[in-house]
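Here come two complexes built around subunit A, the first alongside subunit B, the second alongside subunit C.
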Partner chain A sequence: MYRDTIRTFLKNYISDSINDDQDIFSGGYVNSLFATQLVLFIEENFDLTVESEDLNLDNFKSINAINFFIAAKKDGKR
Partner chain B sequence: MPLDQIAVIGAGVMGTGVAQTLAQTGHKVLLLDRSLNILQRAQEKITRDVRMHQLYTGQKFDPDQILAEIKITTEYGDLAGVDYVMENVTEDWLLKKEVYQQLDIICSQDCCFASDTSAIPITRLASATSRQDKVIGIHFMNPVALKPMVEVIKGVHTSDKTLAITKRILQQMNKKYIVVNDSPGFVSNRVLMLMVNEAIFLVAENIASPQDVDKLFKGCFGHSMGPLETADLIGLDTILNSLLVLYDAFNDSKFKPCPLLKQMVHAGFLGKKSGRGFHTYGGNN
Partner chain C sequence: MNMQEVQKFVAERIAPAANECDRTEQFPMDLVVELAQQGWLVALADESLGGRNLDLMNFGELFELLGRGCGSVRAMVMLQNMVASLLQRWGNEEQKQKWIPGIAGGQIIAAFALSEPDVGSDALNIKASAVRSANEIKLNGKKTWITLGQIAHLFIVFARLNGKHTAFLVPRESPGLEVFPISSMLGLRAAMLAELRFKDCRIPGENIIGGIGFGLAPVGTLALNIGRYSIAWGCLGMARVCLDIAMRHVLDRQQFGTALKNFQLVQQKIADMIVSINAARYLCEAAATVGSFESRRAMMHILQAKYFATTMVARVTSDAIQLCGALGCRNETLQRLFRDAKVMEIIEGTTQIHQIKIAEFAIHEYKRKGSF
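Moving on to the complex of A and B:
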C-alpha cells in the first residue's frame, strides 16, 4: 500500500535493487544511523508520530516491515 | 572533588553529542557557543537525538529531562565555577588558541581542559594556557552517544592527576578509552585522514564511484562504514582542516588534501550535516 513511496525514498540511498523482505541494515545497504532519517521520513510523509515504544529497528528493517508498520499506525492498531 | 559540573565549549555536531552524553550519564552541563541561534539549534538536535537513542540502544531517556540538565550560555564568565571543560571548537589553531586563553583566565586553577580536537597536538593547545599539566585530549567519535570508545591523548606536560580525573569522567560516561602519546592526528586520525584522502583521489581519478569505494571496504574488510561514508559523517570541512593540520605539522606531501575535497568544501557539500557529500542525505541531520 505504501511500498512505492518507501521504495522511492530508499532509492535515494541504495543503488542496488532490493526485494521487499531484504533487511537493509544487516544487508549492509545502509549503516544503522540511517534509521534516524528513515523515522523522520515516515513521520513527515505519512503524517504520523513514531512513539517511543515504536522505536525498534525491527519496525524499519525492510520495505515490508515499514509498510506493515505504517499500515498498523494508520489503522490505529499501534 | 565532585565532577558533575562540566562545561562543553562549541555546540556543533561533536559538542552537542558530548553535552547529550554527559547529561544522559548524570552530569550537569554548561554548553557554550558564540550565538544563541547555534545553541537553540543544538537543543533541537539533542531533543531529536535523545529520542532516537532508544532506536539504537533500547535505552529510553526523556528529551525534556536531558535538556533540563544542559544549560546554555554565550558568556565565558559563566564558566568560573565548572570543574572540567570539554572543548569542541572548529579545527582551527587560532580559534582554539583564543578559546584556551579565555578559559585560562576565567576557570578555577583546579579545572582541567580536555580538547576534542581532530589533529592539533595537545601539547600545542596546552601552550596557550598557564596550566599545561591540566590539558589533555579526548578524541570522541561521532555520534558521541553511540560510540563506545574514545582516544585519550597525553600532552608532554599532562599530569597523572589530570589523566586520572579524565579516566573517571569517561568511566562515568560509559566510554572505554585507549591512552596514547601526543602526535598530530594522534593514532586514529593520522591513519584515517590518509585513507580518506586517498579514497577521494580514487573518486577524482574516476577509478571508482563513492558507492563502490565504500562497498569494497565494507564487503572485503568488514568495515561497518566505508571511508567516504565516514568522511561524510565526520564532515568534509573537518576532514580538510585535519589534513591541513597534518600537512603543516609533518611537512609531508602525503597529507596534501585532494583538490576534489577542497572543491566540495567550497561548494558547501560538507557531508551528512549539509545533506550532501560523497553521498546524499535527506531531512535535517
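Moving on to the complex of A and C:
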C-alpha cells in the first residue's frame, strides 16, 4: 500500500535498483546511520510515532518489511 | 523560565569557581545538587519528572548562560540532558523509571561513551563489542575521552552486538569495567575525562537502549543533536564574556596618548566580534524554531549553528586576547575561554565533519528537488 512512497524515498539514498524483499542493511546499501533518516521518513510521512519496541531490524530491512510495519502501525496492531 | 534568575545563579554560583576548577581540573561537585534543584539536568522533561519542560529557545538560552559561567559545568548539564532525553525517547518504561529520576536529582551522573582510541570521527567503525548470552551481556573494548568518566555512575556505551551498532546502559560498578582518569587536557579541564576499559564487562541482558542495530541511529544521533545544540548556544555565552572583557579594556587602556577604542584597527576587531556573535546567534535561534531535535530540518540547522558558533568562538576568544595584549595573556578567564573554545571545534563532531555533513545534506536536497 505504501510501497511507492517507500521506493521513492529509498531512491534518494540507494542508486542501485532493489527489489521489494532485498535487505537494505545487510545488503550494504545503507549504513546504520541511515536508520535516523528512515525513522524520520516514516514518522513525518505517515503521521505515526516509531516507539522504542519498534526498533527491530526486521521492521525496516526491506521495502516489504517497511510497508508491513507502517500498515500494522496504522491499524493499531503495534 | 526566568532568565534573569538563571543569569544570577550563573554569576553567583558557577562563574566564580570556573577558573579554580580549570586550574585544579576538578568538577565543582557541590554544585550538582543545586543544578538538580534548578531542574536543569533534565530541563526538557516535565516538571513532574524534575525538569523544566523547556522549549528549544529557553533550552538554548540556558546553555548560553551556562557557557558564560563554566564550560565544564555546561558540558555536565548537557550530558545529563542528552542521556535523559535519549532514555525518554528510546528507553523502555523500566529503563526510564530506573534511571531518569536519579539523573534529574543529581544522584546519578551520566556519561556518553562513543569515542575509542582508534575511532573518533569515523564512528561507524567502533570496535567495542558485545556478546549476549542468556540474561547477560559481555562487553569488550575501550572508550576514551569520556567527559565525566571519572565521576559518572552510568555510561551509555556504544558497541557492536553481532556486528550491529547498539547502545548499552553500563553502571559504573559493572564487573569488568575499569576507569582511568585523563588529565592535562587543553580545555574543559574540569570535565573529569576518563578512559574506560571493558574486559568481559558484565551487564544485565535488558540493558540495551532501543533495538540491536539502532544504537548509533536513531538513539545516538538524538543525543548528539542535543549536544551540538547546547555547544552552539554555549559558544554565544563564552564569546559574550570575551567581548565584555575586551570592550572594558579598549575603553580604559591608553596608548599613543589615546584610548585603544579610538584606533580603527581596534574598531574593526570589535565590529567583527559583534557581527560574528550575532550571526551565530541567528543560526542558534533558527535551530530553536524547528521545534524538535528529531527532524531533518532540525539536524541541518543544528549542524550549521554548531559549525559556525564554534569557529566563531575560536576567533572571538583569540581576538579578545589580542585586544588585551599581555594583560589578555595573563587573564585567567580569557585563557580558559580561549582553550575551551578550541575544544568546542572538536567535540560532538569536528568542524570538518560538520562541513562534510552540511555539504552532503545540501547535495542530497539538490539532487532530490533541485534546490536547498
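In the analysis below, the second predicted complex is superposed on the first by the 78 of 78 C-alpha atoms of A that agree within 3 Å, B and C clash if a C-alpha of one lies under 4 Å from a C-alpha of the other, contacts with A are read in each partner's own complex, and residues count from 1 in each chain.
Definition applied: a contact is a pair of C-beta atoms (placed from the backbone, for glycine too) under 8 Å apart; a residue touches a chain by one contact, two chains touch by 3 or more.
Model, not experiment: these values are computed from the prediction.
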{"item": "Clash or fit, subunit B versus subunit C on superposed subunit A", "value": "clash"}
{"item": "Touched partner set for A:G76, first subunit B, second subunit C, both or neither", "value": "neither"}
{"item": "Touched partner set for A:F25, first subunit B, second subunit C, both or neither", "value": "second"}
{"item": "Which superposed partner A:S15 touches (first subunit B, second subunit C, both, neither)", "value": "first"}
{"item": "First, second, both or neither for A:Q37, with subunit B first and subunit C second", "value": "both"}
{"item": "Those residues of subunit A which subunit B touches in one complex and subunit C touches in the other", "value": "12, 31-33, 35-37, 39-40, 44, 52, 55-57"}
{"item": "Parts of subunit A lying in touch with subunit B, wherever the complex brings them together", "value": "9, 12-13, 15, 28, 31-33, 35-37, 39-41, 44, 52, 55-57"}
{"item": "Residues of subunit B that touch subunit A when the two form their complex", "value": "48-49, 51-52, 54-56, 60, 143, 211, 218-219, 224-225, 229, 233, 279-285"}
{"item": "Contacting residues of subunit C [partner subunit A, same complex]", "value": "89-92, 124, 164-165, 209-219, 221, 294-296, 299, 364, 367-368"}
{"item": "Sites on subunit A touched by subunit C in the complex", "value": "12, 25, 31-37, 39-40, 43-44, 52-57"}
